[in-house]
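Structures for review follow.
Two complexes follow with chain A in common, the first pairing it with chain B and the second with chain C.
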Partner chain A sequence: MSWFPLFVRFFLRPLRQEPVRTALTAFAIALGVGVVLAIDLAGTSAAGSFRASLEALAGSADFEVTGIGGVPPEVLARLATVPLPIKVTPRIEDYARVESTGETVPLIGVDWVASAPAGGGEGTSFAGKGVWVGPRLASKKGARLRLLVNDLSVEYVVRGILSETPGAGEAGNVIVMDLAEADQALGRQGRLDRILIDVPESGELEHWESQLRSELPEGLSLERFGARTEENRRMLAAFRWNLRILSYIALVVGAFLIYNTISVSVVRRRAEIGIVRALGATRRGILVAFLGEAALLGAIGAVPGLVLGRLMAEGAVQLVAGTVGSLYVSSTPAPIELTPASALLSLCAGIGVALASSLGPAREASAVPPVEAMARGRVDYHSRINARRNLTLAVLLALAGTLAAWLPPVAGKPLFGYLAALVLIASASLAIPALVSAVSRGASALARRLLGVEAFMASRGLAASLHRTSVLVGALATAIAMVVSVGVMVGSFRETVLLWMDDQLRADLYVRPAGAGSADRHPVMSPEVPDLIEKVPGVAAVDRFRALRISYHGLPATLGAGETQVALRFGRTRFLSGTREEALSRLPGGDSVIVSEPFANKHKVGKGDFVELALGGTTRRFEILGVYYDYANERGTIMMDRSTLLKYLPDPSPSSVAVYLEPERDIETVRAELERAVAGRRVLITSNRALRREAIRIFDRTFAITYALEAVAVAVAVMGIGGALLALVVDRRREFGLLRFLGASAGQVRQLILFEAGLLGLLANLAGFVLGAALSLVLIYVINKQSFGWTIQFHWPVAVLLAALSLIDAATIAAGLYPARVAARLRPVEVIHEE
Partner chain B sequence: MLLLRFDGVSKDYLSNGTRVRALESITLDVAPKEFVALVGRSGCGKSTLLNLAGAMDFPTSGEVWLDGQPTTKLSDDGLTKLRREKVGFIFQSFQLLPTLTVIENVELPLLLAGRLDAREPARDCLRWVDLEGLENRFPHQLSGGQQQRVAIARALIHSPRLLLADEPIGNLDTATGNLILELLRRIVTERGTTILMATHSVESTAFADTVIHLRDGRITEVCRR
Partner chain C sequence: MKLLALLPVLAVAALAAEYKVALPGYRFEFPRDHFDHPDFKTEWWYYTGNLATKEGRRFGFELTFFRQAVDRPEKRTSIWQVDDLFLAHFAVSDIQERRFFYWERLNRRGPGIAGADEAEKRIWNGNWEVRWRGDIQQLQAIVEDFSVRLSMTPRKPPVIHGINGVSQKAAGPGRASHYVSFSRLEATGVILVSGREYRVEGSAWMDHEFFTNQLGEDQSGWDWFSLQLEDNTELMLFRLRRKDGTVDPYSAGTYIDSAGSARYLRRSDLRLTPLETWESAKTGAKYPIRWQIEVAPLQLRLLVSTPLRSQEVVNRNSWTPSYWEGAIDAEGRMGERPVRGRGYLEMAGYDRPVQFGGK
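Now for the complex of A and B:
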């Protein structure tokens, strides 16, 4: 342990002597670690919730039977009577909206007599319209609860509270009805959502599976219990993966700052290194000591980072759950759990990043020959002579990154896309010294003429401390690149969605049930509703649309059916492959479908291929006539003509109705007529404009978390700039003292530092913009395409980018205020004292 | 009229919480065009005296008058203005900014004073110290003597009335040191600039008009030639 006293004397003391800088670096790490942890916790919470809510009272079955549009009741009867020692549990699963709070909650229909556990759920007797609810919905039985189910509002009496009932769901906000009651409320006509099957423990599950399959009619699927939850998890994997990667950006920025801190330590302590080496310290001792400093900084940051992460997770989970609910699957956030594994992972991430980023400067420190140690400026000299080599490497890496971007996904993940992004960041980092050198030298004459001697000195100062400046610019540029690339991606996506909505949302009014709908929930309304609407004067046509949640090759998807003739007459759906007229004209009548772009990409199908669907007790092959652009959700949609769906599933209840008005008709007048026509039905009538507004609101909310992550990365970088400028002031105090001797005022010294901060921001903006533009291409055309399957049209959100970049430069200058104050207050006679 | 006057000046410093007296009741008059050498051991207060003379610091007691202005009455901005107009500094370790070329170093005082036409005066000064042709070199490309001459050119560019030199030959060999001392002498003779030079070498006082001996913050002897 000979290095320990060395470590305490040479590293702990200096860290304590510069508390502001140490605190800033540690806080940067804390923020990085906090963000990683918060996103991890929020993702787990949001993803874990659908199991918690929908699996209420499900226990732990072995198999589950499902089918598109539900499982016919006769299947239950058949399974119940097969001569096998199995237990079958029928379930209806949907969602209802609590009218008093507007909260959407899972609604589970179970065979209550068979399912209610002994002693579980108070009040097990049942009569009339009654429900059993989780403790968050009601505290005592007898309470009244008005629920919105599909297009009907019904009042129920709370028959019992499901508190502490084993298997009653963790979320505490579930509603349980008797099977018959749920069937009536949801208009299922006896069809079940799932039949759970328990088999005896003896025998292989594969054996039971084959036996059960033989008992089931065609068109139903038999899967291991929990398959749907697994499907949802798989579907969410790309979303969570991308979010997690994004959360690591703040840590990458933090890595630059740790690198800078340790580099500064090495440069400052060259003389000390030389002395201790001359006194017998080994290279390894020096290496370990510097790595120890980095690990210490990492630990100082990572521990409060855990607390910060847990706090930030509260906000993050709302944002993540909102996105999950809008785009993927119904979700109620589960309680946030900070597990030892998550905590350990975050600690390791913080300390690991600190160690990895300090390896370079620590090795350099250990390689310092004692004789040379007193020589000043060697590090900067190295940076200058290596600039050309670094630039060559940067070009090579940029080429490698471009090549990586062309490679296909690995196991559905855009691993090469991430690699391309990482390599491009590395390439930019290597090119930055050349950029800093060229710009600051080239700009110094201009700066002198336009902004005065302070700007001139600032540009020269940055060029002189090239090594340090480059790292700072690299850190901020990485954060800016993230802002630019994500900004361009989101801006492009938004523009694409707006254009898509122009094509897709052609109807004047849209009618849907007031019940809880989302990406995976498609409440229906009575078939009379569109019939009534059709008769209203001024209505030119209605398009009855039915959506069903399906599972396709182990992934959730949507099966949609609309009235193709209406779409042909009014719609403008754009096709990726196949032409609109050809595809839509062949759709009615035959076993054919069109599929959305995300579906085509997820399942690797295209025009001319076939999809196999189990519909109405039979499995059919449907020819794909075309692939159309769709940004409604990421699950992917198979679309068929309404007549085709009704042929297999004779349930005419639509999920929504698009209403086209005759030309020159006043929308509000017709809307009032519609409301009168459907009075008594709880439906929502939305104008085209309101629907678009709502869609964009959801879109913006979806990306709110992205903006939050960007803000943290920028904050980390700006804090780092502040800390680094402070170090710069300490290291260049003699220079500032000298300037005072040569006639500079305190204000001029202050200005010089602020110019340096501004120039750092400007250089970072320049490098970050170029890198961000390159990364935006990777994001749009590689990562996004491979993760989600959407084609996004490139678009520059100029105003947003300009505002963001100006704000960042202003923040960088603001970060220089304190160091500038310190520099201006230096006492020249003390710092330049030579006696 | 006197250029510089110290009237009963004392200066204390705080060192680790202890008050240390660097100068004790210094009374001193320096006339224009006078070359004054301050001689004494390291720590005797030479640099402190130079800093007070150059309006870089305030006395603890007493008064310093520079070209008729009492420095204690001036604000920080006033002191800066005084230095810009009337004082030039040269140091033992030259204190050139390594990031600037020779001519950029020389221009600096004029630029800091807000003058844009610094290039020609800088060339003139470099010519005067025999460094013509080295304008675009960086300090590390010059010898020690050349670096000190650049520092002298920089100190002269704004034609100060007082040049303060803190051990100007401390980092130079004897021959080069003598050349610098000759140059300082020329500054007094040809440009009429007053020089106050701190040195610990008695030999270098040969070029001075007045030699002041300092010991433990007090003047022990004044020799006028």
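Now for the complex of A and C:
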């Protein structure tokens, strides 16, 4: 007898007969698959867009020359005149804000004389303020476009529409100027951001590289083209990896549900299994048939999951892009592309999880001896659970998990951290049966006294179907543990950041250019601005801060320079190693820096080490005087005194200015004075309080995606509870019928089910809370630290947790409503007659 | 005399600045006048030459540098500001293999990408350049798989064309250029063609002209000849064509005798007769490819032909005209004496009338 007819009669039919339950399980899988796909797509779109916006517009090249603070123009002349058959292409790259829409778009300065991009050429002129724009920004030549660049708003005439720019996907949103225009708009003093170099195809790239390097002055870096994209990819790798792991949690929760469904199916059909076995079905046939059921469920869920994932990706991409933008790198999301590869991967994930989670029950089914199965009654489905053995295993696993948490990262990824988390989850699910029976034994008397006989019976009923209850509790507990752990982690992080801001943000007012800034964009303002501000009455001191995007050992980082003497007087920056007074007072002296904690962790440096930086035509070693706590960005920051930076890069334009007022001065009055003083410059003057508010808003936006993922996992679990209760009702028809027959009212039966649901929720909350607390430690001290390098102080976000847990319990009870109605509607006489 | 209608810019260069025009009485000063004249709107340096290996494998080359003023602002706002456009053409004729290659580049001065600087004794556009070492001019032009490196020694002093320091091109004051040539430069060096290197020697010619709005609007094109004869004399002739099909009376020439003294040739002294045309498959232009030249006062009759017909520089964009510029051979008689020579010929305005700028 082949397994196929068996499969059809045995499984397809029941699936059809219980459409609600099948649909719920499948939908849970769909959600899981959908989330995984959505996060995958959104991550690619949000991260891929950086390449699209700047490097794609550059077309292709073999090498690129960059330098901290830009490449001096003379370098281009030198490269253009070397006796080598190379092509050099200078570029200025920045961002501008379109005043009419508020949209921030790439602003690219190209040598329009030597290489006007295709499609924009005719009628070229170099007089007046002209730009070439992508078709999304203007539709015809001669249109006016007002742009905010750094701290100035200027009107430009559209000289042409770029129709055939390479990387056309993003070209719709780009502004191109001639070098002269871009130089003037951005105040670059002629400096370029990049020189692209093409070399002939003949000859080794290494050979060309060494030849080119010998032509370049010290202090500039020559890299293969695409190094920036590569750096960003590397930088984003940890973030995307963690996000992806998080997205798999919904699928893990789904796995519990599949496991439950298949177990129920096995238990329920023991008799049938016995019969078909007696009729000659092999063990293998049974195994394959049950696995087939799981695969079918997986597939039924995974296919709509693809559609769901594509839909959810639209929302997810906004959230992910927000996070990427505020933590890492400017990004305008690229169009979402559902590739066959990622679709296939999600399909396989869905079906694979279904298969893996059904392996246990299916093997149990295949092990059923025909005689035993036929001899036993259909209702007798108490699974045997060896609670003691499981508990021992749980303790061992918990120990193993704890050990794994101490291990170092693998290739920058907290692999052991995740392993620890997984092992802890497994440990918890093994401990759950013991928890359930203990609680129901202990609680049933109490339940009876407090809540009546229905509660008592519900409590006993859960213990009676221990196997099934445990799986349900396990699924929900995993979801809850995730909510708790991530909640604790984010809450702790938030609290840490709040405390840090208390120390870090000591100035009364902050001034920055209105142009678009982000983790990797540092628009500057005219050096006059702080000079003017300094003279305003009531201003005690100003701290001119300059930030520059740099790469350090193949990773993006930020180089900052401030007036450390002002910071020493007013600030309260806390140091992880080194002391504030010593470090800050020694900074202005010479070639020394302090570095932020993420930088120190990423690059494995500390106090007393040196960082080597190529600055203004020379390469210097800077001594690290200390490591300070910093949560401003994940890229990592090297901080030096302003005088040190100016010594190497004589560009006095600051990216922001902190203004300290004399004591007792009214902030609003001084602020009005400041605004008058800097009239005509587009700068934003933000009060301390507003800045903190904004910082926390960005923080919350950063974790929005995390919350969304949690919500989906919980939804999956709750849905599973609903489905499982329904199955329970169907299986216990006889029991309920009997109850009714013995005089229980329909209301009492309904209550019984709801109590069971509530109890399930409570048990899951309990287990989930304990597991979650353990996981949060792993998240904060292992996974976060290893992936991002931040020290987070542990903190319980009590209110958030309480709210979340009550909400989940309420949702569980709500999930019992429909099964309760089904149970209440059972007609006692009919049910008893079935027997 | 040579010219390219320069680029889109001409149409736009409605200039606030006033430029000097070429007027009679100009006193040339060397080496100062070998370099740039920013007071004039247009300026060019033309190097052409016929080269051969010891085994007799023959090559022609053209390397030209143009400067076209765009703007003369009072205040400099950026080092990248486009005050002048620098255009350059480089062409190699591989006579034996019947192949012709050409390249173009356009740049701004910027931080020193292009220029023509007396202090540096250099005229350059990227890595195409001519550097002066004393009297010797060292030429270098590099592109992928092709390059020319030559050391050129003048065998005669510079020749100033025209009368009283100006070479008149049309009626009216200033419709003229200041025009100076090295009519015989002895050249030795290396030429790289399709990745293969050849040691070559031969003879080159250099033209340098600067002016503002020299041509008239009724003119449609020109034919320009430079010939180096084996008796150590040279001949420069240009024929300006008008839109009505006639030859402009301002066509002229110069004869340089073996001692290096120049003799001005006016329109009435010359007869240039096209004998045969070659039609370009790329542009459809019909270029006169064989000429009869008669210079009555010298009793000179020459038959001019080319060893390679397809030496047309086809421009990539729609604004610049295409032109034919290539190596030529000449054979004939001066009086009773047979003469032979080699040179370069430029013919412009055959695909369509050349647009003259400065409107």
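Criterion: the second predicted complex is superposed on the first by the 800 of 835 C-alpha atoms of A that agree within 3 Å, B and C clash if a C-alpha of one lies under 4 Å from a C-alpha of the other, contacts with A are read in each partner's own complex, and residues count from 1 in each chain.
One rule holds for everything that comes next: contacts are C-beta pairs under 8 Å (C-beta built on N, C-alpha and C of every residue); 3 or more make two chains touch, one makes a residue touch a chain.
Computed from a prediction, not measured in an experiment: that's the story for all the values here.
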item	value
Partner chain in contact with A:Ala77 - chain B first, chain C second, else both or neither	second
First (chain B), second (chain C), both or neither touched by A:Gln748	first
Partner chain in contact with A:Pro335 - chain B first, chain C second, else both or neither	neither
First, second, both or neither for A:Gly203, with chain B first and chain C second	neither
Partner chain(s) touched by A:Gly590 [first = chain B, second = chain C, both, neither]	neither
Which superposed partner A:Pro408 touches (first chain B, second chain C, both, neither)	neither
Overlap of the chain B and chain C footprints on chain A, listed as residue numbers	none
Chain A-touching residues of chain C, taken from the complex the two chains share	8-9, 11-12, 70-71, 77-82, 85, 105-108, 110-113, 124, 126-127, 129, 140, 142-145, 147, 195, 317-319
Interfacial residue positions of chain A with respect to chain C in the complex	73-74, 76-77, 80-85, 111, 113-114, 121-127, 178-181, 183-184, 190, 200, 202
Residues of chain B touching chain A in the complex	42-43, 46-47, 51, 54, 56-57, 76-77, 80, 83-84, 89, 91-93, 95, 97-100, 104, 108-109, 111-114, 154, 158, 166-167
Chain A residues within the chain B interface of the complex	377, 448, 452-453, 456, 460-461, 463-464, 734-735, 738-746, 748, 828-829, 832-835
